[in-house]
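Common to both upcoming complexes is chain A, partnered first by chain B, then by chain C.
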Partner chain A sequence: MVDIVFIVLALFAIFGGLGMILFAQPIYCALSLIVCLVALGGIFALLSAPFLFMVQIILYAGAIITLLLFIIMFLNIKDVNLPDEPNKVTTIFVGAALLIPFNILILKAFSTLPNKPMHILGKDFGSIHSFGIELFRGWLVPFELISILLLAALVGAVVYARKGSVDG
Partner chain B sequence: MADSLLSYIALAMILFSIGFLGVISRKNIFIVYMSIELMLNAINLIFISLGRYYETMVPQVMAMIIIAIAAAEAAVFLSLIVVLYRRKKSLDSDIFTVLSQKDAHE
Partner chain C sequence: MSGVLISVVVFNIVMALVVSLVFVPVLVWMERRVAGFIQDRLGPNRCHIGGVRLGGLVQSFADMLKLVFKEDFRPGAVKEKMIFTLSPVIVFVTAYLSFMVIPFADDLRIDGKTYMMQALPIDFGLLWILAFAGLGVYGLMLGGWASNNKYSLLGGIRAAAQVISYEAVMGLSLISMLIVYGSIHLGDMVRFQGQLIWGFIPAWGIIIQPVAGILFIITAFAETNRAPFDIAEGESEIVGGFHTEYSAMRFGLFFVGEYIAMGAASALIVTLFFGGYQIPWLNTTVLKDHIEMIFIAIIIILPITSYIFARWIKKNNVWLEEGDVRNKETRWLIIGLIGINVLVVLPLVVFLLFGIGENGTNISVVLLQVMTFIIKLLMMNFFFIWVRWTLVRFRYDQLQNLAWKVLLPIAIINVFLTGIFVVVLGV
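The block that comes next holds the complex of A and B.
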């Protein structure tokens, strides 16, 4: 049962990703990326990370990609504005052939790990409670640095998008 | 199949490769950005599957931090795209070499 769920989610993720790099219009790419990210969220749930499943749905599919869709629609892109990509498919195939040895190397490295059953763990592992304890006990300084980074990104985005600097 | 670490790593590597191919083969700046997001997600999947394998919560916290950094990146990257699109009326990533020039006002 879990196998079927995993295979279906993996196929959704892979085809979403392939659709993202093959479609010409950015709006279709963003929509297939949403499919891919939601399927990845389901795989996080299979890996006993229910909190990250929620974060993936709410933050990635719900906030980041929605912001991206909003920007794409806001810019009102016509076909003339899209760049020509004559060598797209050739580059994808040549690149895929070159990436195969690299992938085999990584998989061989991971296959040396001893095999362990990966069934879904009980309700404590990956819940908000244990996640929060781990975050605020061991990772408090990175957490605060992330808040400063988000503030800096907010200020930077406002400075970039100001009207005066664009027209001047 | 869902019981072995290797299938999760294989899925993550496939997604990372798709993202990498998107970065090297597309010129549309939006798709380059989305491919970067896909690569970050593939790395998140590797982190979380290793966390499940070793039964520790630390990689999930790291994955959360990666998601927060991706959110910050999205804000800056997209506002940069908006500014450059208003100036150049094109989404070609080649015109963005203007960012590396000293005298960029025309």
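The block that comes next holds the complex of A and C.
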């Protein structure tokens, strides 16, 4: 049962990712990305990490892609404005073929990994309580550093936006 | 799976269906009647089935039938047919799913086993609701974009901008509530609100955290696209906004989705700030200890209120034309009222005489709490409608200024102060 759900979700994620690259119209790319992200969220839920699952949907599918779609709709790109991609299919196939040796390398790396139990961990593993305890006891300093980094990025964005409007 | 578990699950899912889908005609009726009374007119009250009008409620079913049987017309200019069809479905499904985690009553204990009274028994309910509140806007955006129409596109963009701004404030106002309640499980939050402050004030969220309550109610209005935040479909500026090109049942899904979203927002406000299913001063333990006194109170109060209500119906429900079929309605309504009284009072008398047992007590407490929740939900819905017909629509720049320059700083200060208070008082 879990395997079937996993396979379905994985297929959704893979086809979402492919669609994101292959569609010409940007709005379809954004929609494929949503499909991919929601499917990934479903995989998190399968791995008994409900908090990550909800955060994935709230932040990525809910907030970030909304912003992305907003910008795409704001620019209102017409079909005539899109770039010509005459050899798109060939380019993709050549690119995929070039990546095959790298994929083989990754598979080999996987096969050399030591044997560990590969079952899904218990119910308490990814719950919000245990996650919060882990985050604020073991990883407090990295967590605060990341928040400072985000704050710096925010200030930087505001500064750039203001600069543009003052210079006209 | 035992029979008890199955019946509890079925009950919860049916409850979720009732308070979302079945309430839509009721809400439409409320909206039109309240609008009528606020504008000093009557609103729809003539439509009837065999003379029964129910104060105009039957009109909603006529409207629904009309939407279903209208021609399903799609303009030729629409190129993205799939997205065009999908977007009302997104609005509808996300609004409906957010109802799944609202607790309708306290946890039910039968034969020593505890059952969560939610359609989806998960303990991270608040995150679930936040997730689906954020996803719902895709329906409006994509609908507006796929319509291939300038007004629709403007409506979709407005919806997106509004939701992005107000989601931030909504999250921050919720954080101060999380600090107070110490849990993201909606059931725990409602249980917390069953306490009393200083022994006589119910510890409802709106009393502990009035600022967060007001902020959350404002943002809930914005998230559901209700007036005064309905710039996405501002008909005086952009025709119908995102649903300009929709007709028949495609429009109907948008319409139903909007009312379900309003119901879900009301349910969440009731759960977070108005004590959820808790009857004021009577939390679950008190109810269980005094169940017989409550039965006696119901046996006394219900017939008296029914009698007054029947007198009121007799006086007011008159159709001036003699011999019209609608004149028979009063009789039907009074027979119905007497029937309800008999159906409620007789079992209660039987329970009082023969005792009800522990399971029976628990089940009757749950039923009482479900009734309380529904009454509170309807009152909150009335508040939504009241505001819509009282306030005027914001202009776009006023709306963004309100979100970023007024509400967001207040929300951040509130989180800060709440944190300090909780640490200092050590609660």
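Things worth noting here:
Heads up, the rule we're going with is that the second predicted complex is superposed on the first by the 151 of 168 C-alpha atoms of A that agree within 3 Å, B and C clash if a C-alpha of one lies under 4 Å from a C-alpha of the other, contacts with A are read in each partner's own complex, and residues count from 1 in each chain.
The working rule: a contact is a pair of C-beta atoms (placed from the backbone, for glycine too) under 8 Å apart; a residue touches a chain by one contact, two chains touch by 3 or more.
Every value quoted in this text rests on a predicted model; they were computed, and no experiment measured them.
Taken together in the superposed arrangement on chain A, chain B and chain C fit without clashing.
In the superposition on chain A, contact of A:Lys88 is made with chain B only, not with chain C.
By the touch criterion defined above, A:Pro101 lies against neither chain B nor chain C after alignment on the C-alpha atoms of chain A. Of the two partner chains, chain C is the only one touched by A:Pro50; chain B is not.
When the two complexes are overlaid, the chain among chain B and chain C that reaches more residues of chain A is B. After overlaying the two complexes on the shared chain, residue contacts for A:Ile128 are found with chain C alone; chain B is out of touch.
In the superposition on chain A, A:Ala63 makes contact with both chain B and chain C. In the superposed model, A:Lys116 lies in contact with chain B only, and not with chain C.
Closest approach of chain B to chain C, taken over C-alpha atoms in the A-based superposition, is 13 Å.
Shared interface residues of chain A (contacting chain B in one complex, chain C in the other): 51, 55, 63, 67, 74.
Against chain B, in their complex, chain A makes its touches with residues 2-3, 5-7, 10, 13-14, 17-18, 20-21, 26, 29-30, 33, 36-37, 40, 43-44, 46-49, 51-52, 55-56, 59-60, 63-65, 67-68, 71-72, 74-75, 77, 81-85, 87-88, 91-92, 95-96, 99, 103, 106-107, 110-111, 113, 115-119, 121, 125-126, 130-131, 134-135, 138-139, 142-143, 146, 149-150, 152-154, 156-158, 160-161, 165-166. Residues of chain C that touch chain A in their complex: 83, 122-124, 127-128, 130-131, 133-135, 137-138, 141-142, 144-145, 153, 156-157, 160-161, 163-164, 167, 184. Chain B makes touch with chain A in their complex at residues 1-11, 13-15, 17-22, 24-28, 30-31, 33-35, 37-38, 41, 44-45, 48-49, 51-53, 55, 57-58, 60-61, 63-65, 67-76, 78-83, 85-87, 89-94. Chain A contributes residues 27, 31, 34, 50-51, 54-55, 57-58, 61-63, 66-67, 69-70, 73-74, 76, 127-128 to its touches with chain C in the complex.
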